Amino acid sequence: MTTPPRKLAIATGGGDCPGLNAVIRAVVLRAHAAGLEVLGVEDGLNGLLEGTGATVRALTPLEVTPILGRGGTILGTTNRCSPFAWRDPDGTTRDRGDELLGRARALGIDVLINVGGDGSQALSLELTRRGMTVIGVPKTIDNDLDATVETFGFGTAVQVVTDALDRLRTTAESHDRTMILEVMGRHAGWIALHSGIAGGADVILIPELPYAPAHVARDLMRTLGGGRHFALVVVAEGCTCVGGEVTQRPVSGGLGPSKILGGAGQRVAEEIAAVVPELELRVTALGHIQRGGTPTAYDRLLASRLGVEAVEAALRGERSVLVSSQPPDIKTVPLELAVKKMRAVDPSGQLVAHARGLGISFGDL
Amino acid sequence: MTTPPRKLAIATGGGDCPGLNAVIRAVVLRAHAAGLEVLGVEDGLNGLLEGTGATVRALTPLEVTPILGRGGTILGTTNRCSPFAWRDPDGTTRDRGDELLGRARALGIDVLINVGGDGSQALSLELTRRGMTVIGVPKTIDNDLDATVETFGFGTAVQVVTDALDRLRTTAESHDRTMILEVMGRHAGWIALHSGIAGGADVILIPELPYAPAHVARDLMRTLGGGRHFALVVVAEGCTCVGGEVTQRPVSGGLGPSKILGGAGQRVAEEIAAVVPELELRVTALGHIQRGGTPTAYDRLLASRLGVEAVEAALRGERSVLVSSQPPDIKTVPLELAVKKMRAVDPSGQLVAHARGLGISFGDL
Amino acid sequence: MTTPPRKLAIATGGGDCPGLNAVIRAVVLRAHAAGLEVLGVEDGLNGLLEGTGATVRALTPLEVTPILGRGGTILGTTNRCSPFAWRDPDGTTRDRGDELLGRARALGIDVLINVGGDGSQALSLELTRRGMTVIGVPKTIDNDLDATVETFGFGTAVQVVTDALDRLRTTAESHDRTMILEVMGRHAGWIALHSGIAGGADVILIPELPYAPAHVARDLMRTLGGGRHFALVVVAEGCTCVGGEVTQRPVSGGLGPSKILGGAGQRVAEEIAAVVPELELRVTALGHIQRGGTPTAYDRLLASRLGVEAVEAALRGERSVLVSSQPPDIKTVPLELAVKKMRAVDPSGQLVAHARGLGISFGDL
Amino acid sequence: MTTPPRKLAIATGGGDCPGLNAVIRAVVLRAHAAGLEVLGVEDGLNGLLEGTGATVRALTPLEVTPILGRGGTILGTTNRCSPFAWRDPDGTTRDRGDELLGRARALGIDVLINVGGDGSQALSLELTRRGMTVIGVPKTIDNDLDATVETFGFGTAVQVVTDALDRLRTTAESHDRTMILEVMGRHAGWIALHSGIAGGADVILIPELPYAPAHVARDLMRTLGGGRHFALVVVAEGCTCVGGEVTQRPVSGGLGPSKILGGAGQRVAEEIAAVVPELELRVTALGHIQRGGTPTAYDRLLASRLGVEAVEAALRGERSVLVSSQPPDIKTVPLELAVKKMRAVDPSGQLVAHARGLGISFGDL
């Protein structure tokens, strides 16, 4: 790009995440200081497509100033439907990518700042291939993206889970119970691992370390042996049995599997109860509470910096990059990296070793 | 009682509740200032029975000073087994009341301060009938006791639910979803009603106002019509359908019905989905998080005052009374009142009318 | 009033208070359901006067729905200048009351809902005397209004102070220090008393109970004698020495007395240090943090109910009344009561006796 | 060291900091799992010296399990007096280092884990020079130690300040005020900078960037110009005027300068008022609230990992090292580094540039 950009657009895609509004605010504040206009695209990229009910609107500094601490995204989001494989109500699929690019051109959008996870960044990539300048901002509450050291929202989720563990501990303690708390993490156990350590869990079950129910039961009984009468178990929703399939519980009624409550926590409770029926087990699933609400100070700072740096990258004329946290700085990396490699917990890494050093069991050995 | 008491005992029974430790602390501080000793009875009244693993121990001001803000109870609690109908492991039942009274006499206990709900106070009553002096302190997180205007723990539960609604709102808003939050309240809808108003719910379902799923669906669609794209539904666990039975979902595996997660929230979700399948519904059940953790300032104050007044009542020579909040004072009422009448939400009272005035639907009309 | 009202106005006056937005929201929601329009008056009543920079604007349900949990007031507020004694920049004073009434009539305002403390309600009274229908909603963060059992915002302030005491305790404990926390309360000690009990203070100094520094020092040394190495002192900003004048510390520079930080806390620290110089004293003043931020669940409920009931009163044709919390109901009382009598802490009441029962010193005996 | 250690001691020195108890807990849990005993030294290193009132005591896993989330330190701390330059009550100074070493040897202490800031680690260094094995754990709430990327407690302080800014914003907004919040940071502006960005401050004053009051006033007026009517200013206690001396305000009465409340915030308010007297300024100083209370999840995790790794280092036979956070791992570095170089905010670094990008003024240009 030889001429500096004059108009940016920003979109937020995928599941919501505390800090999205802080990114939007930072982009608008930085852009306006540089004399750029910013358009907000509603509902992921849908605002650039006809007939979706979504649209684009100009964003002003005055409007975004107060949203720093608000959860959610003022632009709305969506985790359904790619513009490149748009599903119509009649079930047919079509490519609406060129329609989207045409609309963006017509609006005078020079750069799109696309905030989202690997799904959204795959769309970013395809858009750059078709000629658009896109700066990606990584977003995954699970913190499982290899292209960035950390992502906003994750710390907030960990704090919410830790607060819940603090509450569960006192009730567990008074009643001599074992509390099982199911948390987010289908593919990676970061939330369970961080909050489990921070909240003083006795057992943590994560996808990266398949567990044996008999070992979980044994380690619980050991915990309950030494003068302790209660225990806390944190279960990532994607944790799996050694050698076992994750069998989705059958669901009654009209709600599909993606809509049901819990699952892993209840399953683990039943597995433990099968081995040691005398345990007083109770299950809680935090669900969507983990991804809503005001972001922590840390996540607000991180999100704000990513937003500013996205505009800086646009001003520098970069295209097809992802802003990435490389403490203490924010840098840019090729957008391809955002869709390449997930970052899983390393079962033989230091963090897991430290957890074991604190006496935490993963039910694996 | 003609001679002033010299030794008190305190016990906490039933489900745990934020503020129990504040009561214990207040009793010990007030009693010691009056020159009385205080014994703590562990695990409800079990500490006064042989072979339960529980015992009694002296409580000192220095020990209880830091527990004001801690959830749970340092004495432990239990919600199983009455001393008057003790179930032995072999299944037989026997009356251990006289054993308990003998042990209390042997320990020199002049007055028992018994903190607990209607179940615990029924035991208090029977103990007074057998000659013991008992001062009851009411405890019900559901706030459904008619003998006292308010109970500690309730406000904390309402605050926890309201915080959860604040978090759910932002995620509902970003995704155009309807979030269903199941909260405590088997027989009374106080928690659902207070937190639903405080958290801006659109629909509140409580046991006192049986709902029709079709009406719930209709009112949700009306909410979603006027420019709003999301909705919040608070469901008390004991809410019931008009004319309908509450059908407990069948549970797989080794966990009994009392141990399963959720139920009402999931059921309501399925009922709504049957009428308006296009709604994006998500269910969360807060479970035990509602009854653990640090009490609010209000609950700490209330619990502390009840504890002080229980000792004052003992010093005044009262017996067989319940301390009761009658704002702005704490008074005593006959212990019989504690087990007599539950306080339910009045469907035609001002609080429900105010909720309707805010546009909240109960799904009933 | 013989015809039902068609248009309401709402204004918020005096110092801000958590819950103001909840009142505004409730008024708008209830009024719109009844088919009434609502105008919001900005910056107290200034919005009804020319040349103040403030104006009036229509408020819609969609706009107020999200403000339930937000601190402050979307209408702005002011605690300067009465319309009846308006100070012009040149120092002259004039009566702009009839201008205000004329403007209100021109706008078609049938009823003014005026949210504010005794100052604001004195204006309400004068407006009713001149022919306007006014419904007052009481507001005082100090909870010192006799015409209502409780006011919103107070509970939030108490919670904020209690949270601060929780934090101060751990640092006091680690360093063997005596922490002095200055809180709001110029004329009444309610915040200091409630939060002091809830936060486990050892000494509470309030306006209603003049203290002797020597007694404060003596009681602190007693606290520090029995195995305790730290102490917490809560000081209401209006507390006074026995027989002593409150001497405002001289202030350097361009800030007047009303703008300076702290005062009472620092003064008490110096008084104690004069008696027991060996104490490790530290002073903190919470200042405006006590009146900002999201209201507690309790205050949201109370504020919402007051707002609904204010509209109900308007619909019933009441005029010149104050909505008043008389638990469990909200009622109306004559507006005159709002400016008549302050509610102070009763030095010989049960609440103070309970505090003493917990070992708390007021430095008075 | 050729034989593995059998007994560890742990001490906490300097100002308190959220996370100290998490370190203690981690050390005890990890050490016990390895078969080591742990002694807790009270009040810094005083517990190893006669006649200080402090002592040493064995720490057990059962005792430390519940302290993970508690602020302060169960061992107590001190920030006065080095054992190597011990000040006696009569004013004389003497070296008690050998007494301390002798006592440690007599107790069979193989390794001392010393948690503290640069002052404490200078003592650690001297102890290693005299033959003791010491593993340092860095602690500075200001996050200004160059030898480690991050320190526990800092994040908690930033969160507390950010929460306070959230509360101040709503009150500033309602009253059209400029709120000045003074925070910790005598030599480094990290807390002010992080919380100022996270809390949406308009002006941040830090020691590393001397400010001109006229520039602060100018930038405030610019903020207040564009439709905004309020502003937030965060002031680090060590911030200085361009070319100016920091003039400590004269203090009345018996409290020395180190004990007074605030200072910088009040000074800045007066400086601004001298330039723009029409601004509605209000000052708040958070004081010790910033360093007490429960640590954030992040700080609990970091502190726990540092504690485990300190024991690992002892088990590996390391001596005279500091455990250091080098994300994603905890490593060890020479203890000398802990006392060498402070880490200040880089005025020309990316973080400051990002803050400027958000429109934040440092009052420097």
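Structure notes:
Letters A, B, C and D mark the chains in the order given here, with residues in each chain numbered from 1 onward.
To be clear about the criterion, a contact is a pair of C-beta atoms (placed from the backbone, for glycine too) under 8 Å apart; a residue touches a chain by one contact, two chains touch by 3 or more.
Keep in mind that what you see is a predicted model, and the values were worked out from it rather than measured.
Farthest from chain A in terms of Cα centroid separation is C. Each chain gets a centre from the mean of its Cα atoms; for chain A and chain C, those two points are 41 Å apart.
Distance from the chain C centre to the chain D centre is 35 Å, each centre being the mean of its Cα atoms. Centroid to centroid, with C-alpha atoms defining each point, chain A and chain D lie 31 Å apart.
Residue positions 166 of chain B each touch two or more of the other chains. The touch graph of the protein chains shown is a ring with every node of degree two.
Within the complex formed with chain C, the residues of chain D that make contact are 12, 15-16, 18, 20, 70-73, 76-79, 160, 163-164, 166-176, 179, 229, 249, 252-255, 259-262, 265-266, 269-270, 273-274, 277, 281-289, 291-293. Listing the residues of chain C that touch chain B in their complex gives 26, 29-30, 33, 61-62, 65, 68-69, 149, 155, 158-159, 161-162, 166, 194-195, 197-200, 226-228, 294, 296-298, 300-301, 304-305, 308-309, 311-312, 327-330, 349-351, 354, 357-359.
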